[in-house]
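Take a look at the structures listed below.
What follows is chain A paired twice: with chain B in the first complex and chain C in the second.
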Partner chain A sequence: MSESTSRAIMAQRIGRILSRNGALIRLSLQACAHCALCAESCFKFQESGGDPAYTPSYKAINSIGKIYRKNGRLSESEYRAVSELVWDRCALCMRCYCPVGISIPSLIACARNVCRERGVFRTYDGTRNA
Partner chain B sequence: MIEATRKPLQEIFAMIRTYREARRPQDFLRVLTVGCGGCTSVCMAGGQREVLALSEELTMMARSEKVPVLFSCTTIERQCNPQFLEDIEDLAQDCDCLLSCACGAGVQHLGDRYPSKPIFPALDTMFLGVDIDTGLYEERCRACKKCVLGITGGICPLTRCSKGVLNGPCGGTRPDGTCEVGGGLRCAWNAIYERLRDQGRADDLLEIRPPMDWQEKGQGVLIQRGFEGRYAAEDTKADRG
Partner chain C sequence: MALRVHRKGNPWPLRVIAILVLVTAARAWTEQADAGSSASRAPADATPSAAAPDAASSASRSVTDATTSASRASRAPVDTSVVLYDFAQGPALRFCLLAAALGILYRIWQFGRLTRTMRGRYSPQPKQRVFVPARRSPRQRGSIPHPVMRTASLAFHVLLFLVPLLLPAHNMILHRSLHVSLPAIPAPLADRLTAVLVVLGAFFLARRIAVPRVRVLSTAYDYLVLLLVLAPFVTGLMAYHHVSSSRWLMIAHVASGDALLGAIPFTKLGHMPFLVFSRFFVSGEYSWKPGRRAWGRGA
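Let's turn to the complex of A and B:
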């Protein structure tokens, strides 16, 4: 399979994920009041000593929010930054609480799915990805 | 964490081939390999990278053996969580059978979600263990539902004693503290004694523990403390329905 074909398939699969979850992403991004109340429910946020970059809403907005706004067309380095957000700064323990009812874990999981399709994912043996 | 390892490629391929030959000999079979981003990803048996590699190897094997099978793959966050299973709704509808790279629980959960699709496990679930090093894991827990670690110095006799005795040692401990079973295995009860002795709690071992009640080891259902009301109410609704 040529590189251009595999890129096209990758873009198609990313597009499919974004379109399937489009309504959820749009609604969530619009509904987020940036109140940061979700921060207190994140053990990673607590453990970081209150680093705002660990706030669940920050992680969602700067991962799937960014991917969605750019329709998946992020650069390699941008995808790596997203991957750091959704894997290194989130354990997907699903304990984050949003008073508005936004399902932050669903957004993070969606970002992870897109990253996997893009070939950027965690491998657990010290390497970043295949 | 649940540790698993991939089945031999031939075994996985044989399951798919047998199904195709027996049930769909005329079809170009479409198999969806589903990875899991949870435990089997961390122990490097069923994550995205492993799923891509498995899919490729199976494709090559199908080509070399001239078996018309198309393998595609995807990975979801956790196959043991219904929320994440929704992510592959469309892919699952487009395939003839599923090949799961999750632990036994994940395989069954995925199978329950798509009961019309035959499901095959690509992994052997090994145990509940700890990560000693990259790619090296050791069993630590049998999930016996009656944890005794508080009285055994934090060392599980059911898992780490070859005989799983609860009031050890059995008499088969060698002078160097290893087990008579061999293989350099450390006697769990010797280790328990040494740890309790160092903590000044060796006397605790004099108390005789009752045997494990193995009769109540059917399928477990856990309702976490504080959630009893919620699920009792749902049962009542289901009974009424």
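Let's turn to the complex of A and C:
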């Protein structure tokens, strides 16, 4: 399969994910008051000693929010940064508390889906070529 | 090849229709009110319902503007501030109320579309429900972890609703225009509560600037929305303390109030209807009421 065809298929799949979840992503991002009150509920945030980049809403806004706003047209390095946010900085433990009731894990999971379609994902020792 | 996103749920046509409906309804309402007010100017045969909007305008004008001639003749030289004030507390207010009501209805519909009813009592997939021992008691689980922020946020949001609704001056206008009123709290108490609210708003603003994790999330839009929320309260406070006798202060008060009401469903203030949906209707660990809905469309 040629490079352009595989890229087109990838784009189509990312587009499908975004269109299926678009309304929820839009509504969630709109409802987020940027209050950062979710920070304390994140064990990764606590462990990092209060690094703002571990705030759950920061992770959601800068992963799926960015992807959605740009229709999935992110550069390779941007996708790598997103994957760091959604895999390395989030364990998807579903313990984040949002005062407004936004389902942050759903947004992070959606960002993970897009990243996987883009071919950027978490690798573990020895499993890359397994 | 560029990415193409097929947005099935793109609501643009719906928005255009909603705006058209809104404008038409507001115009019809305004015309009816104008007809009502002109009818009530004719001395005897004004019906109470038709006279009501005019009573509202004259009542509020006489409250704020007692020194000037309230019922000025239409042929008198036009004063821009009077025209603007009448517009702000008449058609603009009606338009914004209508926009807020229709917008919230749209949000309810959207919520219904984005969620599905679950078959089970708590979860559609009971096996997937993970119980992680919580450090906090079930009663505390649904509230903000930080004690200061919990208290401040609760006080701010409760006052945001209670003060305007229970303010004696607002209830007076409401009573004269619609013949209904809510129990009013004494004016000095309302004054102090408004001061508390403004102080809490300033605290949130300071927090947004000072706390790194909030600062990195904040955009100009967040500051704008916070200032929009505080604007009617600050101007109201200033008017109550006669900081300025200018009618422009009251125009600013009413206009910012209009803008605030109209902005609820369409801006970040949309977290108000969203919170009701998500914390009362969606099932989840942090729900205040175990709802029977879950995010995601039906199978």
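The criterion applied here is as follows: the second predicted complex is superposed on the first by the 125 of 130 C-alpha atoms of A that agree within 3 Å, B and C clash if a C-alpha of one lies under 4 Å from a C-alpha of the other, contacts with A are read in each partner's own complex, and residues count from 1 in each chain.
Just so we're on the same page, a contact is a pair of C-beta atoms (placed from the backbone, for glycine too) under 8 Å apart; a residue touches a chain by one contact, two chains touch by 3 or more.
These numbers come from a predicted model, not from an experiment.
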Which of chain B and chain C A:D125 touches, first, second, both or neither: first
First, second, both or neither for A:C32, with chain B first and chain C second: second
Chain B versus chain C as contact partner of A:G72, first or second or both or neither: second
Partner chain(s) touched by A:L92 [first = chain B, second = chain C, both, neither]: first
Winner by number of chain A residues touched, once chain B and chain C are compared: C
Touched partner set for A:R16, first chain B, second chain C, both or neither: both
Partner chain(s) touched by A:S106 [first = chain B, second = chain C, both, neither]: both
First (chain B), second (chain C), both or neither touched by A:A81: neither
Intersection of chain A interface sets (partners chain B, chain C): 16, 20, 94, 106
Parts of chain C lying in touch with chain A, wherever the complex brings them together: 1-11, 110, 113-114, 130, 132, 144-146, 149, 153, 211-219, 222, 267-268, 270-271, 274-275, 277-279, 282, 284-287, 295-296
Chain C contact footprint on chain A (complex, rising order): 4, 7-8, 11-12, 14-16, 18-20, 22-24, 27, 30-37, 39-41, 50, 52-53, 55, 57-58, 61, 71-73, 93-95, 97-103, 106
Parts of chain A lying in touch with chain B, wherever the complex brings them together: 16-17, 20, 92, 94, 105-106, 109-110, 112-113, 116, 121-126, 129-130
Chain A-facing residues of chain B, complex: 37, 41-44, 47-49, 52, 74-78, 81, 83-84, 87, 90, 134-135
